[in-house]
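Read through the structures below before going on.
Okay, so chain A shows up in both of these, paired with chain B first and chain C after.
So, the complex of A and B:
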């Protein structure tokens, strides 16, 4: 008998109201911790430590390993979602009285799902674009690539790019369609660079600007304001012939190049590019301030959108609170520079962007229905009470 | 007899209404000078056109933390003070307007700490170089890292600089009256003086076709120097300056009429409306009326319960009317939804709480709705008063906030959610206090309070949730993500989570009367942290509401709430009416 009852105990716990309260309380603790930790870890660091993890890890002073000390936001969110679904099926009768709660809980499950979807699928990128420029690619925010460009063809540049996920020390990567292969000597997610002193260790690079630069690996940055400086040391080989070892870094300005059999190859390490089947041209960037102050009134970019595939060609004004949604991507006015001639658009691809909207509508409707119904019930019971009181006095 | 008694609440309401509107009943004159009329002059400052009166009040509020002050047994209004600052610098420099509390700053100025906290510009003048030196040392340090002395010295420097700019807006005190300045517009040093005035002038008093064409006095002088005819407004300002410094009311009043005739009618009308709003001080009047309502209610508990409770409710409604009038005036003047910054959020949170409390009083008629509504209204207006000391409370909205639709939906819902949570907490505090003061148990009232508290939590839950999700949608529209775990977003989420916990604990039967009330009081702490606390972290995208002064106020508030939670949680045998309860232990008061 005991063996038969066991699954129902687990089920009882899974759909109990107590579990929901425990999960909500844990979530509160996590949210507080995540908020306070943002001061030292930055938003991304705190969110990945507390909210987007299954367990919160802590490394005591002097220890080699970390200890899991608290359930993370992803775990709590998942348990909460399971609890919601289980309770919904098990406890709540499908009656008109409970219709509001059904809607609320369905909306909440959707909201939790939406957070998982955007954690997994959302891709953030940017498009810096100067007035008059035309751009048909976006740059990923947290991914980089080693690009080797062959501009020999007057009409189109041949670009070979290696994503940072393949840049591991010791890797050897052939560039398809060319006799060239790349051997990676070193790869740093973030590196500090400075001009070499005579007593520094010898430079790894044997060619180009890298011979004069001392490179040290640095911990990845956490604050919102600064960015990593990803850096690689790579050697280019054509068969058995070496074109030397080069330093490639996002922190280097001037392009470096070598020549092989009449083809020039330009080397750069840059934010990973993703090409779009359409292009944007920045016609005008405006930065308005309130008269007599520095308070910004509006930022806007007037862009010209050309999509030959779909036959669309039109002007779009992108400004604060008014993004351009096009072909699954959303372009926001994010920043600006170069004396108000450079506009930086943030580009987000999130297949789940509509989910929160639906969820919001469901929960709001549900809460309204539920509270209206209980208000009516309360009104009725109050009336009954006053009637009884009236009877009692007479 | 009975009929006259029934009239009393109405009479009380009438008196309250007259008292509330008393701010509007002034002659507008100071020693027969049409000061109020002069101060209607529309000027451009901080990106919007406002009456000179607003500049005077906001500046004096920043410099002295008050809108009027006493000097030699005379009350000086902000308007009169500004006229002295601009046109009669020798008198203004002697007026004690700089409030200095920090002992180290006083020490730096060579002043012994005494009861005197207000000092004149003339007193500060010999030490200004030292103040500037110390402020320069403190400036590069991040505002949150500064020591108390460093914050105080930077603050003093900023106030002195504001005073200095006001004083150089119309004429150069070092040179002389505006008329002399106009006459000497082509002399050797004129250009240098014009540049100084162009840079220092705080506001632009001379209208242009578009907002960007408005000029300050320095710019108008420069144009006259370049050969343009002397602006008519400039000449009239010079006459007003001469009349004020010679204390000639007739000349001043005719200059005032001429000056207002140069303003465009629409702008003048808007500026006059704003000045009327400033004069009425509806939020100050409301604050006083809320206190009166509360006092009358307290008296009603020992004397004439029915009449006085009704009178308290009547005063509460008048206070609400005045509060509403102020809120609506701000919306009209600004052309924005009611909540645009921290200051207006305090006013709105209080307003919504009072509306809810008044409705509750209508439903239950226990005097309890009046009590929590009056307390909430008073507390929020006091908070707003302290938030106003940064200057203009109707400042322009930064680009990302420039969306009336989202301000009206997201921000308003969130603040109504704050109101609801605070109101539930206030009801719970009232319940907890009742436990320890009431002489005889009153289960009917207890039940009503429980119902009120539960209903308010539901209400708060609905609005905080809707507000939070609407905020997510706004963020998706403007920053490209629905949810970013930004501190302010987390604060809103905490309120939603806490209300959800309260409701589920109630539905599951884990929290009964004491539990529900204690949890509702804890909601006050969470809401206050979400409202003000997260701004103190100084991280995240919402840090436009940043403030550092409120830390200790928040700690004190949190401690009192913990005390109330303790009171609420004490088991029934500690209650004051426990003796009477004892025989009926089979029916515990906790339901």
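So, the complex of A and C:
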């Protein structure tokens, strides 16, 4: 008997309205905390810590480990979604009269699910492109990679990319298809660099420009206007032979290189790239202002899209609130520079971008059906009352 | 049965979440050379391959292809000219490297051309940096003197260094350093597999012997 009651207790809790209210209250607390934390953590840091995590962690001063102190937005959202689903299945009768409410609930569940899809699958990147330049790759906004490029081939470059998530001190990473392996000696999400002074301790790098540079770890930047300077100290090995320890940093300019068995390997730490099967050429960037003022009126980029795979080639004008949507990505006009010759496009890839629209349509349709059915029921009820009243008078 | 349905949905939601957690891996892509342009955003500190510590790249390095048989002059330093051996191609670079010359054939041999102001750190620092790139131990001034092979060109005296690694598949670098009276130093480095470099060595020497300053002749344009 007890074994039979147990699932129903769990289901009672999962389906309860109280749980929904608790979840909504927790979300309100999280939203406030996340907003306040943006001052010290920046937008991305705060959203990652409070909204896109299952638990909010806190590390007391002097402690080695962090403690979970609050449920994160992901956990609360998941419980809320489960609550909605469970309550709908258990309480709502599957009848025509309740069709509107079914649609409304389905729309709300889809809205919560859409946030999970965005959190898991959305990739924010950007494409800086100068007038006359052609680009066939985007750079991720907050992720970096250690790239090792073999330019030996006459027509193509072989690029091996190690994402920053794998660059952990002590890691040994083989480059499949080459005899080269990378050993990570240090990784800094943000680092300050300066020319070494004679009194500085020995440099970690034994080769390249890094031998002349003093590197110190710095706290991650929180301002939206500045970027981290991710830096790695890595050693390149071919079997038992070492090509020395090198400093790779987004703050360094041209790639450094070493040569193994006639192949040159260029090293660079750069924003993580994703190559596209099509290219954009910036034909013209326009920065319009209101006559007689410096007040911006419009920013626009005239780009030429070439997709040989699809046989597509056309000009596209991207301007404020009028992005280019192509092959699952959306290109927004985001920024500019270099005396109005450089355009920076924000590129968003979100497989679930249509879900909020579908969700809103479902909720709207559900409410229309629900109110129409309620109106009909009301009218029928009034007619019945009128007829009964007429009968009573006659 | 109906009471179990929500539990199944919870399991499905958790499985979906777990599936969404994609693990990062090392990737390999092959991209056409022209498409992989250098980043448009300026770096915070300059440095790197072919560039001695403290040196800055010269201004006025145009991009794009260059006609065979010459080097495009810039306004910052006297134009260095050369005659490409038959079948070679040349391409101007937009980064640190001034130009890249490719011998005929689809081998991996190439010649990088870099120009820097001043002595660019001196011969010893540069040779030891190149030796480091090849995985060779550094040398001192005495060993450097024994390694240096002088060569006279119309552009000025050239110091030639031949660096080769040991092992089954050896790498080789033929490096020429041309110090000019104008205060700029030119580096022309041929790198590749030892056998491939040996096959193109004679053409590389012909290229070096054709170096000169002045206006391009009719034959060079």
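Criterion: the second predicted complex is superposed on the first by the 280 of 394 C-alpha atoms of A that agree within 3 Å, B and C clash if a C-alpha of one lies under 4 Å from a C-alpha of the other, contacts with A are read in each partner's own complex, and residues count from 1 in each chain.
What we mean here is this: a residue touches a chain if its C-beta (ideal position, glycine included) is under 8 Å from a C-beta of that chain, and two chains touch if they have at least 3 such contacts.
What you are looking at is a predicted structure, and each value in this text was computed from that prediction instead of being measured.
Touch criterion met: A:157 reaches chain C, while chain B stays clear of it.
By the touch criterion defined above, A:353 reaches chain B but does not reach chain C. For chain A, the partner touching the most residues, choosing from chain B and chain C, is C.
Legend: residue contacts after superposition of the two complexes on their common chain; A:270 is shown touching chain C, with no touch to chain B.
Applying the stated contact rule after C-alpha superposition, one finds that A:25 touches chain B and leaves chain C untouched.
When both complexes are overlaid on chain A, the residue A:134 reaches chain C alone and has no touch with chain B. With both structures placed on the common chain, the touch criterion links A:290 to chain B but leaves chain C unconnected. Once chain A of one complex is fitted onto chain A of the other, the partner contacts of A:8 are limited to chain C, with no touch recorded for chain B. If you check the complex, the residues on chain B that touch chain A are 44-48, 204, 210-212, 214, 395-396, 398-400, 402-403, 406, 451, 455, 458-459, 461-462, 465-466, 469-470, 472-474, 476-487, 490-491, 493-494, 497-498, 500-501, 504-505, 507-508, 510, 534, 537-540.
Of all residues in chain C, those touching chain A in their complex are 2-7, 9-10, 13-14, 16-17, 20-21, 24-41, 43-51, 53-54, 57, 95-97, 102, 106, 108-110, 129, 132-135, 165, 167, 169-173, 191-194, 196-197. Here chain A touches chain B in the complex through residues 17-18, 20-21, 24-25, 27-28, 31-32, 34-36, 38-39, 43, 46-47, 51, 111, 114-115, 118, 122, 124, 289-293, 295-299, 320-323, 330, 332, 334, 346, 348, 350, 353, 356-357, 359-360, 363-364, 367-368, 371, 374-375, 378, 382, going by the rule given at the top. Of all residues in chain A, those touching chain C in their complex are 7-8, 10-11, 14-15, 78, 81-82, 85-86, 89-90, 116-117, 120-121, 128-130, 133-137, 139, 149, 151-163, 165-166, 173-177, 193, 206-209, 211-213, 229, 241-244, 249-264, 266, 270-271, 275, 279, 338, 342.
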